[in-house]
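The structures considered in this document are given below.
Common to both upcoming complexes is chain A, partnered first by chain B, then by chain C.
Moving on to the complex of A and B:
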């Protein structure tokens, strides 16, 4: 099937900017992507914006038109919401538009403003991605939900907090020189284990931070790129999406994520690849245990085996399968609606050679993004390849 | 519970049944169980759902110790939250015990309590 070519990418610095509005963040990322693409903004046929909780954080719904004007366009504009997978789902809509001929040029981005809510407010805002009746009213939080998954994993498969700490140490090391990352600092296993508890067994350094930020990318059809002489060294060649029961308690297993498995299988088939072709990937590590479950669901490890991957050096920058070279959600930051788009912008830069960690993937040709919503009730996977 | 006290039809009655010691789930002809409110079975789509009793006693499948809460539980922390299995249905609830006394596999009994912050009802698990 036709692929959607990446003409340009943009991303704000991720971090703590409580005074910056969503429209300002999105405007910066979108404008950067348009500049990077070298296209005339009037050429944009459609805009998709991933955002999760604008209503709660800045009393702002209906972000399509707002963000269109934030980047100075009047193309048909739509917001996409799928909790922390909002950005990846927005990318999926854009890929479909380009592939089916509905559009030649699509701007897709994501944005989230979180720090102005405070820690408790943001915890409450994020919790609405769970089931109101049978989870939120019982006191669930997202750190709490992933803590339930981690505790169950330890009981069923073994492993411990120290294994998970190596995931955080790896992702901080990857972000250490990334100028857009929220945490450009290396940490130790001891620091992870001694950090204040959030919802045990998840501590502060098992958790992705509260983050303000935005990311955007311009997708074009192959024909459009050729006609206009655009440089598009990277293309999205496969897309997949999975859905599961919203409440964790309604799943057959608390330690297996069928939505990730389904999204991965669909994306591999769509791109005509197998997981063995994948050179590196960005996965949804909102909590350390989430990276483990993602690597198993995507087929890179058997169930119960991925917990030692970081500790053994298999997924570090110099390992066989580098995971989250951007720093991941854990250290790059997790402005939830922007995350799925930021995974695409970071992989594009890693391939193009203008990312600080590009040296780690010099000979690479196939990469994946994995973006999840809630406790993986939603998952979306994209295959990115170096264009011929 | 009178009709004018119902805020979330289906859910409120299910909590009242837990409080009265006769909790129930909804069951389809295939035997899939789920918690209300449901128009159809979430597994197979069957619409003829029946209320069936579920046991008061269950097994704790996992738990956490929550320190950073949502605003509705700011005065409750720290607390232990768990997921427990009652035959073919699972519930999320507050484990009424100190963390050091709780383990995966603990036997629990379901009941009804309330948030210390909002006094809103919630599912509770007592160690059996």
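Moving on to the complex of A and C:
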């Protein structure tokens, strides 16, 4: 199967920018990616936009045409929404278009504004990613749902808050030198454990922040890159998607995520690799427990084993399997619809040697992105490889 | 290019069902389509969901997984949103998956609840399809935007409210015997002209209604249909998409819709047909003026000429080019995210001979759907043909 080659990437600073609109953020990320690719805007055949809750944050749906205008193109533009996996799902549609010959050049971007949520706050907005009837109206929030998953994990597999604290410490350490990350500060295990509770066992530093930001990537076919002399050192060689029941209570298990497993298996098979070929990865650590579940769902650890991965240094920058070298959602920030695209931009920079943590992946050739929606009712995985 | 064959279709009654949830409506339409196709649920490889404003109408985003559960499948599920073109855009992604070999069997459905909008009403919800900064905050609504387009049309090309009234009369006449249509009643030109104004020149009967409903279609590859002995008398042979500036004020013209033109041209070329091959079509008549603009944008009439098409009987059921034999958005109803899928289900039934208006298309072999978002900032066109 043909690959989708990455010709350019762009990302805004992630942080708190209540004065910036979605179109402003998206425009900056898109312009950066287009400039990075060195292509003319007229060459872009299609645009995919990942956005989760523009309707609630800025009274704005129908973001396809709006974001096309923001980057100065008039290509057919489509918005994809899968909660916090919106960005990754947009990447997936773009990848399919490129490798199936539907398009030679596709711009895919994601954007979210989260500091404009009025009386409900970001947590109220995020609630539409869960099952309104059987979760939200019963009073559960996302921190609450992940807290249940963590409590259940401790009960079934063991582990404790200190194990999870190492996940946060690791991801903050990785973000410390990332100029686009929301939090460029290292933290200690003690700081995580002493932080105010959000929904125990999830404390403030177990939780990804509220973030405004955007990210974008230009994907091209191999033929197009060759014909136009584009440098595309990295390609997306595999894609996979999984879906599970939306409500946590309708799952067989609260500590196993079949959507992640399905997405991973499909992506490995699609790329013709096994998980043993993967050198490093970005996973969806919206809460510290989520990183643990992702590493198990993707097959890197047996059930109940990933809880100590960060603590034992296996997933740190100098470990055998670096995870979230960008800082992850936890420290880089989590502008929901942008996250899945930002994972691709960060891995591309890591591979290209223009990321502050590139030294950690000097000999690497295969990486993964894992982006999840809700309590992993949706998951999408991409395999990125250094192009031959 | 391979075609996506239609193995089954389903649709709920369109109307006012404030007591029914989106999942309930979608489940009914999906179950009907799956039963109609005669396939096992496990055979479905992917689900696409068209929905516009679930976040506002039922505090519910992330509808991919929710609707997968509603129809009892666990296939990868993705929601597509392009305002009132959400359904058609979902169909487009499904068509691409089938013909590119990404999937053998895809379920695509659309759903919208519009009678649960609280204090803002449906018009408030619909506003997120327009440009929030440059349209909604300036006080314009969708009836107002289409009223501007109609006034401008009258000024540039001539025509009057009575011409447009014939569009509404025609579409109500077509819906009169459609058991799933919201309004199964004929109306007169006088009734249209005497109706209360919404935003002049658009009166109550120039406007599509507020509707709850869902529609679904099962698409399969030709190979799959053959191997499994499925009857697929109709196939989608072409798809096209167009995008324009979101805000009406940022267009070159208020009476020409380049997104429709682009979508039509791409779809014709993709199917290897010309507009002269088209026997009948369903177009996006959210307001009477929208049907006129669609017929011109698709190339069936020169600019300024489609205004009298209904009045002169050219687009009536017994005319040369029947338009909106289902009753259209105007009389069948317009549950926004479902509309683009419903157009496919209605044309399929018309071709198969199990529609009340099938007699009007007895010798027909080529039909079109045209689904638009906002003031046609998005448009998607599909070519449907009687399968060989």
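Keep in mind that, in the parts below, the second predicted complex is superposed on the first by the 385 of 388 C-alpha atoms of A that agree within 3 Å, B and C clash if a C-alpha of one lies under 4 Å from a C-alpha of the other, contacts with A are read in each partner's own complex, and residues count from 1 in each chain.
Keep this in mind: contacts are C-beta pairs under 8 Å (C-beta built on N, C-alpha and C of every residue); 3 or more make two chains touch, one makes a residue touch a chain.
Just so it is clear, the structure is predicted and the values come from calculations on it, not from any experiment.
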**Prompt:** Once the shared chain is lined up, is A:123 touching chain B (first), chain C (second), both, or neither of them?
**Reply:** first
**Request:** Look at A:352 in the shared chain and tell me whether it touches chain B only, chain C only, both, or neither; answer first, second, both or neither.
**Result:** neither
**Request:** Quick one: classify A:77 as touching chain B (first), chain C (second), both or neither.
**Result:** second
**Request:** Give one of first, second, both or neither to describe whether A:148 is in contact with chain B, with chain C, with both, or with none.
**Result:** first
**Request:** Kindly classify A:69 by the partners it touches after superposition: chain B alone (first), chain C alone (second), both, or neither?
**Result:** second
**Message:** Contact-wise, after the overlay, does A:200 reach chain B, chain C, both or neither (first, second, both, neither)?
**Reply:** first
**Partner with the higher number of touched chain A residues, chain C or chain B** = C
**Message:** Looking at A:249, would you say it contacts chain B, chain C, both, or neither? Reply first, second, both or neither.
**Reply:** first
**Request:** Based on the superposed arrangement, let me know which partner A:136 touches: chain B (first), chain C (second), both, or neither?
**Result:** both
**Request:** Using the superposition on chain A described above, determine whether A:228 touches chain B (first), chain C (second), both, or neither.
**Result:** neither
**Prompt:** Residue overlap on chain A between the chain B contact set and the chain C contact set?
**Reply:** 127, 133, 136, 245, 250
**Touching residues on chain B, where the partner in the complex is chain A** = 8, 11, 34-35, 42, 61-74, 76, 78-79, 81-83, 90-94, 99, 104-105, 115, 120-123
**Touch list for chain C against partner chain A, complex** = 21, 47, 52-56, 58-62, 64-66, 68-69, 74-83, 89, 93, 96-97, 100, 102, 127-133, 136, 241-246, 250, 262, 373-374, 377-378
**Prompt:** Where on chain A is chain B touching in the complex?
**Reply:** 119-121, 123-124, 127, 133-141, 143-144, 147-149, 151-152, 155, 196-202, 245, 247-250, 254
